[in-house]
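Scrolling down, you'll hit the structures one after another.
You will see subunit A twice below: alongside subunit B first, and alongside subunit C after that.
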Partner chain A sequence: MTQIDTPAKPLDPLRHDTAFTVRLRRYREISGTILSNPTTVIGLFFIIALLCMAIFAPLLAPPNVPDPYQMPRDWGAVRSPPGTPGHPLGTTNQGGDVLYGVIWGSRTSLQLSLIVVSVTVVIGVCIGSLAGLVGGWLDEALMRVVDIFLSIPELIFALAVAAILGPSFTNIILSLCIVFWVKYARIMRAQIILIRQADYVQAARVIGDTRFNIFRRDILPNAITPIAVQATLDMGNIVLVGATLSFIGLSESGIAEWGVLVSEGQAGIASGRWWASTFPGLMIFIWALAFNLVGDGLRDALDPKTEDKR
Partner chain B sequence: MMTMQNPMTEIATSKKAGDTLLSVRNLKKHFPIKDGVLQSTVGHVKAVDDVSFDIRRGETVGLVGESGCGKTTLSQCVAGLMEPTSGEVLFDTGRGGTLGPEDRIDRMSGKQKAKYRRNVQMVFQDNFASLNPRNLVVDIVGRPLRVHGEASGGLLTERVVELLEQVGLGRQHLYRYPHQFSGGQRQRISIARALALDPDLIVLDEPTSALDVSVQAQILNLLGDLQQQRHLAYLFVTHDLSVVRHMADRTVTMYLGRVVEHGPTETIFRDAQHPYTKALLAAKPDLDDDPDAPIATLEGTIPDPARPPKACRFHTRCPVATPDCGWEVDDIVRLLESDDTLFERLSGVSRKSELEAELAFETEEAACKLWEVLRSDRVPEAMREATEILDVKGSKLNVRFRDSDEIGLRALGSGHEAACVHAGRLS
Partner chain C sequence: MQLRDYIIRRLIILPFLVFGVSVVVFTLTRIGGSPIGVYLSHEMSAAEVQQLEERFHLNEPLYVQYFYWARGALQGDFGYSGVASAPVSQVFWPKLAATLELSVVSAAVAVMLGLWLGVFAGVRRNRWQDHVTRVVAVSGASLPLFWFGIVLLIIFWANLGWFPVGRSDADIWASMPHPTGLYMLDSILAGSWRGFVDAVWHLILPAITLGFGAVAIITRMMRSALVEELQQEYVDAARAKGLPERLVLNRHARRNALVPTVTVIGLTIAFLMQGAIAAEIIFRWPGLGRWMASAVVRGDQATIMTYVLFTSVLFLFANLVVDIIYAKLDPRVRLGD
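This part shows the complex of A and B:
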C-alpha cells in the first residue's frame, strides 16, 4: 500500500507536463497544421478583416440616426460616382452612401450568418443525435423528414418559406434557419452511428458510466469535427443565399444589406452607374470565398484519418 | 504510515479461491435478420445457442473457436454489453451463499449491479479503438475511479500513477494522448483502466491478437503477474491456441454458437475428444513439426449460423462423422449451394420435415445428376449411409434421412466434457 498522505512527488524535472500544457501543445499543433495551408491563411486574413469591419463599423462610418441599419440618404448627392467628396465609393439612386452600405452590410451579414449557423447547428445536432442514439421508428421518421428537406434545393426552399412569411430581413433569417439544419442532422446521425459502436464507447459502458456522460465525453467530442467544418462553410453560404433572397426583394428596401444594395444598384448598371452594385457584390464574393477557403482548410486539417497520425 | 485501510484484508475473508465467480447458464443470443420494406424478421442468426460454463475465482478460462463461432458475442454478454435472448449470467457480488436467481446480472438490485459493474472489466482487441483519442491517459485510466467516486483531484492522479506503474508505465505517461504510444503500450493502458476498480474478473477479448509476437509475450506475462498479485479471474477469448495453453486453467471450445468441448487445459491439449478441437490443435503450426509436412486444415467453410446443422453442428465438416451425427435435408441444400450448375436448375424444395423433402428440378436430367452426386464419394460416406430413401420421379427427387438424437456434452471425467458421438471411445 502506498502512502497517500505524503505530498505528491515532484514532477519530472525535464518535462513539466500538466494536462494544461499538453492540451495547449496539442491545440498549437493542430492550429499549426491548419495554418500551414496558404489558402487557409488568406481566407483567415479576409475573415479577420471582415470581422474587424463589422465590429468597428460605428468608428468607420458614423451610425445613421435613429436606425444605423437603415441607409443614410444624401438627397443633395444622388447618383454621385466614386471619388465624390464625402462619398468615396459613390452614392445610389436614392443618395445612399455605398461605403456606408458596404461597412454596415458586414454587420448585417455577420448577424445573419451567426444567428442562422448557431440555431441550425443546435437543431441539427439535437435531431441527428436523437435519431442516431434512439434509432428505430423515431430515426426512420426523422430521416424521412430530412430526405424531404434535402430533395428541395436550399435556395428555392428558403425562397418559398420567406415568401410565405412576408418580406423582411428577420423572415430571411427565420427561413434560412428552417432550411439549413438538415445537413447537420444528417452528418450528426452518421457520426453517432459510427462512434457509438467504437470500442471506447463500449469500454465506457463496462466502466459503468452513465449514458449522458458517455454522450458528452466520448460521442460528442469525436462526432463534432465534420459539424465544425460544415458550419464554417455555411457561414459563407448563408450570406450568399441570404443576399440572393434580399436581391429578389424579400427584404425591406433601404436597409444596409449587401443583397439589397446590389438589387437597388442594378437598375443603374445599364446607364454606366456600376458602383452601386459592384462594391456590395464584391463584398458578398469576398465573404463567401473567405469562409469557403477556411472551411476547406479545416476539413483537410481535421480529417480524422490524418489527424490521428500526427 | 497507513491512512487508508487496505481493502484487500476485508474482502479476502468473503472471497475464496475456487468459489464460482460467474456462471453462464443456457445462454442464447439470437440476432434477428430483417428484410423487406417493413423490416419484418425473416430469421435469426444464432450467434450463441445454449451455452453454459462457470468461471471460478482466480482462474483463467480460455474460450477458443474460429471467427464467427460466437465467442465475442458470448464475452459481451458476460461483460454486460449485450442482453442475452434467453438464459442467464450469474455473478457473485459477495452476497454470500450459492449463486441464485438474485445474482442474475439483468435482475440485480441497484447496489448489486454497481458491484457487478466494478468487478467485471474488459480489455478489447483493438488497442487503438478502445481508447478515446481525445482523452489524456490520466483521464482514461482515472475515469473508472471518477465514475465510481473513488478519487478525485491530486489523489486521483496518484492512483493513476500507481496503476500505470503496475502495468509497466509511469508518471511520465500521464499527460499523453493514446496516439503517442505503441500498440503494446496502449494495451497496457487498457489493462490499467481495467484494473482501476480492483475487479474480480477481466474479460480479455483477443487482447494480444493485434500485437507483434514479442509484444504479445510481454503482455501475456504482465497479465500472468497481475493475476497472481491480485487474484484475478480471466475470461480469455482467443483463436490462438498457444496463448490458451500458456494462460488458461480451463479451455472451452466453441463451434457455431455451441460449446463442443471443455475441460482442464492440460487434458484438452493432451487428450482432445471432439474432432473440431483436434482439428484446431492440428492446424496450429508448431516449431517441432516437420517443416515440409502440410499443415492439417479443416475442409469447407463454417455453415450459416442462421440455420445451423442438426444434432452435431460440426458434422458437415467432420472427418469422422457417423450416420447418427444429424444428417438432414439442409445438408443437400448446402451441397447444392456450392454447385452452381445444379443450384440454377433447382426450382423448389418442399420439405415434409427437416429429414424428408422433395426437390423439384427444371429437368429430369438435373434430378438424375443430383441423385448420382448423392450416391458418389462427393458426399461423405456417413451421409450416404444415413440416407434412407433416395429416388427420382420425373424431374423430382425424393429423399429421406435417418433420424438422429441431439448430441449433448458427455462427461469424460475430471471436468472434461465433449459433445461428440465418439467422445470417450476414440483415442
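This part shows the complex of A and C:
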C-alpha cells in the first residue's frame, strides 16, 4: 500500500496544475460559446440589470421604515395612475407605490431564489453523492424517496407543503427547499455513476488515490456542470413558482413581493386600474426569462451533444 | 425486456408509489395540525369536541389515523371539504369536469399549434423565423400564467369587453340539464346552439392562458426532434433519390420527429394541472384548481390531500402511458432502464 502511495505524492502538484490549466482552457472555451449566442447575451444583460436593481434598491427607492420589505403606504395618493408626481408607475388600492414594489421585489426575489437554490443544491448534492457512492440498500432507499417526490408535480407539492406550514413568505421559502432538492439528487447520482467508470477515475484509483480525493478532485468538478445548468434554470423557475404561491395567497399581504403585488392589483382591473398588476408581473416574466435564456445557453455550451436541442 | 413484462412491472410499482405519495402527504398534512377544525363550531363544549375526535379517530396515533384514512379512501370516502361545505367525493366530479373541459381544449390547441410551430421553426433552422419561434417558446416557459391571464383580462374583458369571465351565463346555464358537467357537450346534447356558443365564449381566454405555456413545451421538443431527424442519413438518401422536399418532410422526417415529442405528454399534463390553478383563479372557473387554491389558503386538509393524490396518480399514469407509446413507436428503446 505504502509502496504505491509514495510515488503518487510528488506527482500530485503537477497533476493538480495540469488539471487546473485544462479546466481554465475549458472555461474560456465555454464562455466564448456562451457569448457568441445573442439570446444568452440578452439574458445575461437582464440578469446583471436585475441584480444591480436588487443590490442598489436602497438608492433607487428610499427604504420604508421600519421594514423596507413592507410596502410604504401613501394614503394621500391612493389609486393614482402611472405618471403621478412621486409615483411614476402609479399606486395600489392601499396607496402602495408600484415602483417601490417593483424595485424592492427584486431583492425579495433574489433572496428567495438564492436561498432556495443554494439549500436545494447542497441537499441534493449530498443525498445524490451518498446514494451514488455508498450504493446498496441506502441508494435503493434514497432513490425510492426521490421517486415518490417526483410523482407529485412541483408546484402542487410546494403548494400543499406551504399550505400546511401556514401562509408566510418564510414558509414559501421553506416549502420550495423541501420540494426542489430532488432533481439535484438525481442528477448528482447519475453523474457519479457515469463518471466513476471513466478512464481518468480508474487511473486515479490505480495510482492509489484515496476515495475522498477521487471524489473531490475528479468526480465533483465534472459532476457539477449539469448541476450548474439546473441551478441557473431554477434561479428563474423558483421565482416563478414562489410568485405563484404568493399570488394564490400563501404570503403575508403588504410585502414588497411581485406575486403579492399582482394579486393585490387584481381587484382594480375591473375599474380600469391596470398598472398595479401589470408592472410587477412583467418583472417576474423578465426575471424568469433571463435565467431561462442563460440556462439554455449554458446547457448548449457545456454539452456539445445537446446543441440546438430543446 | 418484453413490452408486456415491462408494463406489468410498472403496474406493480405504481400502487407502491401512490402509497408512498399518500403517506408523505398525509404525514405532512397531519404535522400541520388536526383537521378537526372543519367540524367544530363555537357552541361546542370540550366534551363534545372530544367526542368528535373519537368519532374521527383523531385521538389515535398517526399510523392508525392513516389506516382509517386509507380505508375510507379505498371506499371512496375522502373526507369533508370545509371550503366546499360538502364531502370531497360529492363535489369532486363536477369540479373535475370543469377542469377537464378547460385542459382538454387547451391541450388540443396547444398540441396542434405546438407541432406546427415546431416544424415551422425546425425546417427554418437558424433563420429569423426560427429565432423568433424559439424566443416565443422560451417566453412561454418563463411566463407567469397568473399574470398573463390578468393581462388578457385587462385587455379583452376590462377594456374591450369582448369576453366574459366565469364559466357560463347564469340564464343559459339554468335553461338546460348538465348530465356530463362538460358544458360544451351538455349544450350539444341539449341541442342548444346558444348554450354552445356561450360555453365556447367563456372558454377562450382561460384556454389561451393555459395553452400558451403548453405550446412552448411542445414547440421546443418538436423543433429539436425535427432538427435532429433532418440530419439523419435517411433524409439525405430521400433527397438524393430526388424526392421533393415537401415529401421528405411529410413522409419521413416529421413522422420520426413525432416519436421523441411523445415524451413531453406527461410533462404537458403536469403543466396543465399546475397552470389550471392560476387560470381558474383569475377567470373564476369553478374547477379543481380554484378549489385547491381556496383549500390551501384556508387549510382544508381533506381537499388538499385528495387533490395532491389525484394529480400524482394522473401524472404517474400519464408517464406510464407515455413510456408504453414510446416503446411501441420506437423499437430501439431499451426498456427497464
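Following the convention adopted for this analysis, the second predicted complex is superposed on the first by the 276 of 310 C-alpha atoms of A that agree within 3 Å, B and C clash if a C-alpha of one lies under 4 Å from a C-alpha of the other, contacts with A are read in each partner's own complex, and residues count from 1 in each chain.
Methods note: contacts are C-beta pairs under 8 Å (C-beta built on N, C-alpha and C of every residue); 3 or more make two chains touch, one makes a residue touch a chain.
What you see is a predicted model; the values in this text were computed from it and never measured.
With both structures placed on the common chain, the touch criterion links A:285 to subunit C but leaves subunit B unconnected. In the superposition on chain A, contact of A:238 is made with neither subunit B nor subunit C. Between subunit B and subunit C, C touches the greater number of residues of subunit A. In the superposition on chain A, A:160 makes contact with subunit C only, while subunit B stays out of contact range. Touch criterion met: A:203 reaches subunit B, while subunit C stays clear of it. By the touch criterion stated above, A:294 is placed in contact with neither subunit B nor subunit C.
When both complexes are aligned on chain A by C-alpha atoms, subunit A residues 308-310 touch subunit B in the first and subunit C in the second. Across the complex, subunit A is touched by residues 1-4, 6, 76, 79-81, 114, 117-118, 120-122, 124, 126, 128-136, 138-139, 143-144, 147-148, 154-155, 157-158, 162, 171-172, 174-177, 179, 190, 193, 197 of subunit B. Residues 39, 144-145, 147-149, 151-157, 159-167, 236, 240, 243-244, 247-250, 259, 262-263, 265-266, 269-270, 272, 274, 277-278, 281-282, 284-285, 288-289, 292-293, 296, 308-310 of subunit A touch subunit C in their complex. Of all residues in subunit A, those touching subunit B in their complex are 1-5, 8-9, 11-12, 15, 17-19, 21-23, 26, 198-200, 202-209, 213, 217-218, 221-222, 308-310. Every residue of subunit C that touches subunit A in the complex is listed here, in rising order: 17-18, 20-21, 24-25, 28-29, 31-32, 125, 131, 134-135, 138-139, 141-148, 150-151, 153-154, 158-159, 220-221, 224, 227-228, 270, 273-274, 277-278, 281-282, 292-293, 295-297, 299, 304, 307-308, 311-312, 315-316.
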